[in-house]
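Have a look at the structure below before the remarks.
So that you can tell them apart, the chains are marked A, B, C, D, E and F in the order they are listed, and the count of residues begins at 1 in each.
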């Protein structure tokens, strides 16, 4: 099969649908891979890497669509891309059609076979192409949240992990699914005081097995959420006497 | 040297000053060890074990004091024992003389060399015969405290470690010395939410090195103590909906 | 639905079937909750907390039974309660009917729909209303067991976790189910030397994954049980020389 | 003693020299504490909290300097503050005089006793008022570094901790002192692959004791630094096939 | 049933099919167990232990086959053993028939019911009699591999776990199944820098849950395998200055 | 200074006194380094690496000794090397003179300044050039010991770490110094059941801090050593029923 990888053109999208490593796998299985020139640039992959992986660099998106049988992308096709789709194309990308009538109509009209990543489902009903997104989202969430505790970002000038003698931030996580657990993993690692709430006791038991009292689990009820959040909000900012009193907000002058 | 081990006679004292293993060490170093018959009984050591370790069983305390050059005991000598001390005796035991004029006067009068365990000091100024007592006391403290959280003991019917979905008990420990750290070690192990306060930041740093966020460290100030204890006291007893609401007090009917 | 929560009247039963948090959930789903005056007292819940959660306090058990459509309790209904049940009642509580002919006959005669907590089963055949009991029971078991190692409780005067230089207690756990694993979790945390036996190797593998050599797993055979128990019973009480020989039994004089 | 806490006036300095908790300690020791109105505002402490802690709120910095015997601050005094210093003042703050002739001359001229936090030294030659700054700096460093791995911050679009199947970032830390170890602690916690270099083998041994193979230690030589940094720089960005190839840069579109 | 345990006769096979503990279980279930004299010798089990477990020691293999209804062995039957099989025998052992026509023909001709351990399958399609072999093989693999890093064994003179200041060996494990995970478990324990590759992301997620950054997980692609192995092969042997430069190869002179 | 690195000539000594990394450090400090051709071969260092590090390769040992001011070696000088020493040489290597009169006399006669690695002492009285040897020796000891548990090496056919359901080997370590702790570290990592004995309780406390109940500490007395070794020797080899009974000795047929 001829697989085409156009450069993403949606605003602020720097990713590419296939890494050189992925390209090499396709080629090893007997497929041809066409990669648009500089398609990997935003993700730090050079054209030379794709060539070394057995891919062919082509100059334009038009040529990619023209020659390829299957198009793999990251984001939903933009109008100019939809216009290039043909009845004999397979399009494999995130589509998120529900709120996007225009795209849906365009895809239908193209006659192409369009497979949305977000709908690929394994026999056990998990969504293998969404799970890694959730892992990234969860780990990022804590990292970004830690930034927003800082004074220059509008926060209270609080350090996620505290230091010996000063309590760390309290992190309350609602839902112990993939996103929640990955967020919790990073929060514990940064030294925060983490409470995870969920209505699934088996999930909380697994967390307890893995983390013991490095994390606290709490059955998710209105009352418990309120109490956990209230305690987290009750900023513990009085812990030190004068000699090292300001260490909680030092970061903005470093 | 002839070392004598009388049976302890103070009320409720079941310990013995020398184990068979200790006896064996003395004998291996060329000493003779006299053990009063049944001296080890309260600690589950039989006379036969002392004999196997090279000791000699003698029938009465009188004989132990009569023949021995050094008397080793657990508790301070009782009046009947003081009366048996001679000028050529060495007495090695806990004395705690400060509040006990009568004993002090008796020992002075006996002329014996009396060495109190609690005053033995190493060059680095630590007290090697008190430290193990502190370790035991610390570990016991948490264990006993856990019992007193239970309803039949007059507690709130709370389980030290909680269960998945129910918060564990909060344990606040004032002072991160030997007692405190051993108490904290057991409390964390039982699943409690532990906060340790001390004015020695280096000590808190060592705790943070060892335990990370399995324990929380807090600089010991009036404000912090109050806040930590207040939060621990604010019993979290609303965490579950009806179907498993009573698991916090189940223990008294088991 | 009108849900009624009578005060438990069985001897030594201090629990209550619904916490204020549970009450709040019921109310949030559109139900009315009637709570008998002081029903929560034994579990430290005040009438005011139930009112704040949207419940209504009623003065007598009679009124609870009279007005409620579903009765939720902890323990099986006592004769006076059975007499209050009506054909249009739903009773939701632990029943344990098997050995209790009188209760069974009474419930049949009442005509009420009686659902026993202990029989509620999920599609995967687990018993969600028994599992938390098992968790509590397992964690309690070790805690109570540790007490019974102490001299005043008739034990050998042994500290569960030992101290540095003195071996801890050996804990042998037969069965790695919910009770066993929760018992093991606390025992390891208290510092004991724990061996878990089960015939389910997959369960032992999971334990090995989680705990590595903080716990030992052993296939459950007659021979292995005997050997494990024998070693645990072979009390290691000779470990220290004279100077700190008695630390194993100090607890009863603290 | 009358202790004065003026509001910090240096640009971008939001900290305050004494927390309400510190104020309470001073007052408990018999001192009077004067706090300039809104001095704690930038650190989220209200005037009311200082009053509750026994402090007195005064309206102006002039009054603080006028009435206080000791002035505690965060940053070196600004010219307007230097002008307010008197011969009978004690000034306690960070000074960093070395590069600042003008300040030095001003302080000398004032005749005040000026004690720089950064010069306070314990008998064991550690600097107790700098160490917490280093702890904060180290923990912040990793947190900030993680941000700069992200695409929108000019980084390569890399997630500190990776996700299962994708390697985490490599973090190389030169120097295993307070800053280094605190940076390493957070980096390991976020899931990074951490290598710490130092010329002090005893320090590396302590790290190995604490962290085992969650961290790698390397003797600090030109060759080793180069090699460690080279490997960290050799961005591992090819690890996934096409279906989840872009997860390393997803964060900027979330 | 009469169960017979002949001594293994295949070259270099020192194992025995049934331990005394196993014998005891059979006897407890009402079976008779015949054990050939010295059958357990290669595994350090004495005839007396089998007798104590309720077994009967018989002098020859002939008698075992003659009297037993089921023969349990370790390795496939050797020609002389096949000749002893009868139509009314059950043979339970590893067979590995696929490459062994001669054995297959012999077993068919014997008419015995032959059950190969390696084909026993549980309802969930796992192979319970192969899994423990895989566990042993995995744990052994690392141990043996560590030996082959040593100079006298033809290796580079490298210590698996390094020492503080010297990087440990890199271990790359292809496949996170039972063998791979057990190999990884020991490698991490010995201090190596471990990378595990697999195409099963759920398996890698479980590893990440258990091990966090004590191990690195990598999706198994041609590119990733090459890169992981290349880095492992890029022997880090320059890490120390002259004073302790040779510690990596010291082992062969100890 | 001109530093010379001759190739080691003692039988079975494959190490080299200076790595290329060490050479680079010397050169960076302004020294000249002469390395005998192929001196690094036994440790996998090429002449090219020394040249790249700024060293000079010389053809013979004679030339190294002739031109160098300081000679660095691994092992004590052999007679032919002693003969090359001059009054203006500094020799820096392991000497172990005590049992070696001939070498001592030769060195004295040469007039060279000879500094033995094993005598270099820091102000705190530690021996920095022996400690890494002890670390290597300790880690190697367990690894080698594990091999000698195997049947082909004359052992009982026992796997260090056991597998789930089968107890691991018991490892008893006498002395918790550098060698002992490094041996213990690897033994725990491999899954063994480890007991460490020492007379230094502070050392045992540090072990307890670091390892908790992954290791057991025991005060070193005659009785305790005997008991610990006896238990370790009481090989637990009966743990499994017949179906997986032989997994303890499988390794020799893999």
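In the analysis below, contacts are C-beta pairs under 8 Å (C-beta built on N, C-alpha and C of every residue); 3 or more make two chains touch, one makes a residue touch a chain.
None of these values were measured; they are calculated from a predicted model.
*Asks:* What chains, if any, are shared contacts of subunit A and subunit F?
*Replies:* B, C, D, E
*Asks:* What is the touch distance from subunit A to subunit D, in steps?
*Replies:* The distance in steps between these two chains is 1.
*Asks:* If you take the mean of the Cα atoms for each chain, which one ends up farthest from subunit E?
*Replies:* Following the centroid criterion, the farthest chain would be D.
*Asks:* Using mean C-alpha positions as chain centres, tell me how far subunit C is from subunit F in Å, no decimals.
*Replies:* Centre-to-centre distance between subunit C and subunit F: 53 Å.
*Asks:* So the centre of each chain is just the mean of its C-alpha atoms; given that, what is the distance between subunit C and subunit E in Å?
*Replies:* Their C-alpha centroids are separated by 41 Å.
*Asks:* Hey, how far is the Cα centre of subunit E from the one of subunit F, in Å?
*Replies:* Between these chains, centre-to-centre, one finds 31 Å.
*Asks:* For subunit C, write out the residues touching at least two other chains, lowest number first.
*Replies:* Answer for subunit C, listing residues that touch two or more other chains: 20-22, 25, 128, 132, 161, 163-165, 185, 188-189, 191, 201, 210, 212, 221, 223-224, 238-241.
*Asks:* Can you name every chain pair that touches?
*Replies:* Here the touching chain pairs work out to A-B, A-C, A-D, A-E, B-C, B-D, B-F, C-E, C-F, D-E, D-F, E-F.
*Asks:* What part of subunit A is in contact with subunit E in the complex they form?
*Replies:* It is residues 20-22, 24-25, 28, 53, 128, 131-132, 185, 189, 210 of subunit A that touch subunit E.
*Asks:* Per the contact definition, I'd like the list of subunit F residues that touch subunit E in the complex.
*Replies:* Spelled out, the residues of subunit F in touch with subunit E are 12-23, 25-26, 42-45, 49, 72, 74, 117, 128-129, 132-133, 135-137, 139-140, 143, 146-147, 151, 156-157, 159-161, 163-165, 182, 185-186, 188-191, 235, 237-254.
*Asks:* In the complex, go through subunit B and note every residue touching subunit A.
*Replies:* 161, 164-168, 188, 191-194, 201, 204-205, 207-208, 212-214, 216-219, 221, 223-224, 227, 231, 236, 238-241
*Asks:* Under the definition above, what is the set of subunit B residues touching subunit D in their complex?
*Replies:* 201, 209-210, 212, 221-224
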